[in-house]
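What follows is a group of structures, each given as structure tokens.
Paired with chain B in one complex and with chain C in the other, chain A is shared by the two complexes that follow.
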Partner chain A sequence: MTSGLRFDHAVLPNGLTVIGEHNPRAVTTAVGYMVRAGARDETPDVSGVSHFLEHMCFKGNERYSADDINRVFDELGADYNAYTSEERTVYYGAVTADKGGRLLELLTELLEPSLRQDDFEMEKKVILEEIAMYQDRPAQRLFESANQRYWNGHPLGNSVLGSVESITALTRDAMQVYFDRRYAPSNVLLVLAGNYDWDAMLAQAERRTASWRDYQVVRERPAARPARGYEELVDPKLTRQHVALYAPGVPVESPQRFVPVVLANAIGDSSGSRLYWELVDKGLSDNAWLAHESGEGEGAFVGYLSVAPAKAEEVLERYQQVLARAQDEGLTPEEWRRAQRKIATGLTFRAETPLGRLMSFGTAYQTLGVYESVADVVAAVLSTPLEAGLELLRRRPFDDAYVLALGPG
Partner chain B sequence: MRLPNGLRVLYEPMPWLPTLSATLLLPFGSATDPAGAEGSANVLHEWLQRGAGDMGSRALSDAFEDLGVRRSGGAGRETSTLGVSFLAEDAAQAVPLFASLVRAPRFEEPEFEPSRELALQELESLEDAPTQRLFEALSARFFASPQRRSPYGDAAGLAALTPEGVRQDAARRLGPDGAVLALAGGASWEELAPIVEDAFGGWTGATEPIPTPELAPTARHHVAAETSQVQLGLAYPSALPGTDEGYLYALALNVLSGSMGARLFTEIREKRGLVYSVSAGSRALRGFGYTLGYAGTTPERAAETLTVFLAELERLAAGVSADELERARTGILASVVMRGESSGATAARLASDAFLLGRARTLDEIRGKVEGATLEQVNAYLAANPVPEPTVVTLGPAPLEAGAGAPAAPDTPAQEER
Partner chain C sequence: MTSGLRFDHAVLPNGLTVIGEHNPRAVTTAVGYMVRAGARDETPDVSGVSHFLEHMCFKGNERYSADDINRVFDELGADYNAYTSEERTVYYGAVTADKGGRLLELLTELLEPSLRQDDFEMEKKVILEEIAMYQDRPAQRLFESANQRYWNGHPLGNSVLGSVESITALTRDAMQVYFDRRYAPSNVLLVLAGNYDWDAMLAQAERRTASWRDYQVVRERPAARPARGYEELVDPKLTRQHVALYAPGVPVESPQRFVPVVLANAIGDSSGSRLYWELVDKGLSDNAWLAHESGEGEGAFVGYLSVAPAKAEEVLERYQQVLARAQDEGLTPEEWRRAQRKIATGLTFRAETPLGRLMSFGTAYQTLGVYESVADVVAAVLSTPLEAGLELLRRRPFDDAYVLALGPG
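And now, the complex of A and B:
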């Protein structure tokens, strides 16, 4: 799998960067447009527009109706979808290798949406249903709230979905303005993975996007002033206590970016970690973990705990003691090595399919501007020294934790 | 290959991969839980992973992690699974370690209570997960046979478990005969076969027959819950996947719900904006196929959602168009190719085939059946086998008043305690 791979790269005259990881053994081709536009780029009056726009891009244009888009994806037998995060919006698909060109053609149509008024009104209902769906998922609701409170006014705290109020008030024209300010070709990355003909795909991308006009896009990167302390939300309908924990982490651009990832795995992976042995193995919690998430300019440790309300105080204290003890006493070389190996295995499995690869090296390239093969990333993880983890722990990030609980009260 | 102890072993080489995935399908689940011990399978599944051979719980976990093995699995209705994925070069160490879970579980007393406690907590967490609750309630109403029981068990059954009782349960149904071990990935069978035979050959133990699924009379039920969306689920018997009729039905089901261009998505979400999520998918127990449908929608739109959903099920009897069939065919064939790139998906397919059909299909066989189905065959099948009236369960603030067919009756709690 790692042999015979080739990295392709070009920048088109309109500013669109095209990259690819060609794998002659792959039987499928994955194609994705990664747009550097997400919740963090939104102002409060258009909260949720990035994600709503992602839905609207499937509604077509003068050449393709919404039905046409869905039909042609089906004719290609495509495995396709899109997602929106704080950092980006990604439109992607995978097809058998003979259909890569047609997939690129269709995905390119998505990025030229008409944003028709009647489609906009219909899709608004769907978005409101999506918001209602997440209202019924306490952990999602908790993180939505905790993320906003922790980032304390920083754009990384913006909601991806938006609120019922912001979505209801959003207009088609405001969405068009947002599109016209964020979907510049130089703010978009076209990514290919698997088996494809580079010259043909590149020529097609250049021809198809020749009319795209570039302009400068600026992303705000204000300094973060994260919240700390403890807050509680009460919802008598709930049965469990759901707890979120945030603590200062490492931004994605950091040369140390794998350090907090290995550290979080050793402390809080879903199996074999310190939190697992202290809480899940003992039957005190059915779900307790810690992870690390990094964005442009900022990063954070993010944790979760599900617990019976009667035991919530005691178990949360144990959770925080696990973090404090790691800061006080450090980690053992065995723990560090196990975490490294688990992460390496996960990366290797994710690399089995071109679509899995596209997501990994595409997002890394968009943020860092460098190509990383799976072998590069595995080697980087395996060579991350324990000492770097201990150094990070000595800065005592968990002393500044923010904790939000949601439960029946 | 079948080992002398009855374990069925399947392997698909994927020589281009550095990875290897293994799935062990164990023929015990909530359907064979002893009466009064509902949830025993779930606790057994957890407890057996807490120490094996000469290793206690911690040492066993460390041994897996030292190899970078990722573990998965869970207890189900008819079967429970244990899964491992690792680098193929580590097979000689990882496979025996994996086998030790079922060959030599220690079932140590101090590990029992945390295992039960974990199951109780999962049961409690289900209360905060309306969609999962809906599907548990739906299965409880759809089946009359023990397949109606939830893999989560119930509070009374879990409370009644004892270490000795679960040990006896393991002696009764944690055996190799009827179990399936499926592997896929980057090793040759010549390398792997002796490792597997050596690791699993000495596994002994009994298994219990799985009861034949029986259905409850079709009905509608409502489960009261203070949710934002009504959770709407339906179930009806359908062709068994992997049989000749199963291929015709799979193509029709793909037309109904295989993609965002399929009928359900188009009619319910795209044209009417009633839902974010709507789907129908086929499920299988041994010798029995059925279909589960789902939609989540706000209360005032639930009746219309159900009406349109039922109308689409009924419309299938009128057949599908040639274009629809071709798109469905393309979709299924492409997904066969794509799943064939993943070792985990390939191992899961082998295991499921062996358990449900008694043999693993080749990709060529699947491709041939899907390519060979004609429009006439599909439509003749649909005309002769209209979708039967489904069992419908709603979970939400109030029962539905409208919708085709019988009105919803208030739910009589059988499994729910609240």
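And now, the complex of A and C:
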């Protein structure tokens, strides 16, 4: 699958890093701008600004109206979108290989938004609608609260969407200030994947972003003091009990970063894991899983359980017993091997398309500063030793779990 | 993208049809069994049996336990799953090309389930949990009701999941009867996509399914008498108003089948459509769309609107005005062209992986009996004339709409 792949890399005079994974077999080209600006970079008074700004970048500038942007993406036959997370904001698309240059052109326009006042007011309503929509989605409400409470003041607990209050109070000028302090070329990564002409794309990127001036961007990385214990939120309107569990994990920069990923998969993958066989396969819960999420400087195990309220106490106890037993007794080599294979499979299939590749090696490069081929990552996962997992379990991370339940009470 | 593709086709002595789209550039192989048995084939007393049976097929037989099946899929590094719809039940997976034969072997085991009594009782709990989970998902509850009410006794209104009552009452023997009447080889399609050895796979399929005996399966296709008008369901626990809209559409066998698809996209695609600009872009609704779904013998436009209860009446009126205006004034050539391109783009990107291709040409072949390459389908979409869309609008399908609202009242 990796035959004939080539890694391309350059830093433009304005500080913008451009990377690419060229695949001569690909029939499409994916292009993405990854901005190292996300919810964790927000102060409370502008909570939600990264995500709101992502929306505003589709509103255009003096050259492109919002309708133009939408129309040109469609004319290019582009599969395109954007997302905002705690760590970053990503604008991306994929087209047939002959249109890569035009896609780069359009995505570059997105990163030069006018942030017009009237667009801002209109889009504010859209964001508020999006926030309102989550009120009917208990699992998302739960994780919004649990994430904030677990991180306990650390910026990784910041809400991506923001609140009704913060969005209502946000001004266009405050967004402009945020943009001017975060979208520096050296804080942005331009990523190409699939079939493209490196020299032509690089020359175009350099010419097109020549006016972008660079400046220094600092990301705060305070120490985390995560919460622990059990809390419960009651909403009589709900019919199910939803439970989130957080426990201390491993930061993304750790040389051990795949250890908690394999561990969480063995314990709590959505199929064929210990939690699956113990809770879901037995019909005790419709959904019970454990995963591991890592950010810059911090990581956490994140788990979820959905259950009938009458059985909630018993099933949550079983869930926690599964974690405790793993700490007490470890995992078998077979379980470890199986989890490794499942993760490798997911990586391999995600790598089938240029857009899938762009997301994988782009985010890894932005965080770690190194290029990782699919083969590299698969090899790293498959060679992660069980002993490292057992060592992590011996530190008993789940004894420090924070659990938040949301149900009808 | 279609260079070097080859269509393979054979009918085995037992009546099983095997088709494939061979792609020498692919590094993976996708294999799927498509059974023409879905919710529409169920009588009310066994409502939900198709989907429950899909789960039971993963429970194994005298050769493979449930754990074996799960384990072997993982050992193969397979990306695999199954789904049940009104029209069919599909078991599928994808692996690197060297493992295609072993994947076929395992999927064939799935179609020879023992349906053990104890597995059946255990899995019944899993299904009931799945049904319970939907109680906290208002949009899914709404569509479950709206679909049933719109189809008004026609089997396309049958619930895929079934109800708590029907699943509780279902017996293992009734499921066996359903299996014995629906899983005839001539009612099943074996589909291959990507890189595979046709002769070897075909020989394996023939040898492995030699004991399957064929019989005739009849699918009922009664005339539909769809409902129209407006109904409202009240649930004081909700915070948003959710609205579903149905209107008469076009069956999948129609030579005009792409006309309503392009039409619905132009009016109500989730981005860049009339509904998008009129409702979502203006912050009046977090979600407003219109699509077209077609089954054997019948089709329908299906729409959705989510809105704050206080604005529900006004925004639903606007939604319906968008539909009425399209009927009154038609669409522009630009809108039509743009919708065509967006659909072609979606088809093209879905075709990037063997598994995506398997789903597309497999379901089309099962329904229409003809092979369609991506290029064929893209060409058919791009050559669908605006005049056909205008003709459909002149028949004023939305005047016969059925609208169901679910909200706090």
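The rule we apply is simple: the second predicted complex is superposed on the first by the 409 of 409 C-alpha atoms of A that agree within 3 Å, B and C clash if a C-alpha of one lies under 4 Å from a C-alpha of the other, contacts with A are read in each partner's own complex, and residues count from 1 in each chain.
Here is the rule we go by: contacts are C-beta pairs under 8 Å (C-beta built on N, C-alpha and C of every residue); 3 or more make two chains touch, one makes a residue touch a chain.
Because the structure is a prediction, the values reported are computed rather than measured.
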Partner chain in contact with A:Ala326 - chain B first, chain C second, else both or neither: neither
Chain B versus chain C as contact partner of A:Gln135, first or second or both or neither: both
First (chain B), second (chain C), both or neither touched by A:Arg338: both
On chain A, the residue positions that both chain B and chain C contact, one per complex: 1, 25, 27-28, 66-67, 70-71, 74-75, 77-79, 94, 96, 122-126, 128-130, 132-133, 135-138, 237-240, 242, 271-272, 277, 280-287, 306, 308, 338, 341-342, 344-346, 348-349, 352-353
Chain B-touching residues of chain A, taken from the complex the two chains share: 1-2, 25-28, 58, 66-67, 70-71, 73-79, 94-96, 122-130, 132-133, 135-138, 237-240, 242, 271-272, 277, 280-287, 306, 308, 334, 337-338, 341-342, 344-346, 348-349, 352-354
In the complex, chain B residues that touch chain A: 16-19, 21, 57-58, 61-62, 64-71, 85-87, 113-118, 121-122, 124-125, 127-131, 226-229, 231, 258-262, 265-266, 269-277, 296-298, 326-328, 330-331, 333-335, 337-338, 340-344
Contacting residues of chain C [partner chain A, same complex]: 1, 25, 27-28, 66-67, 70-71, 74-75, 77-79, 94, 96, 122-126, 128-130, 132-133, 135-138, 236-240, 242, 271-272, 277, 280-287, 306, 308, 338, 341-342, 344-346, 348-349, 352-353, 355
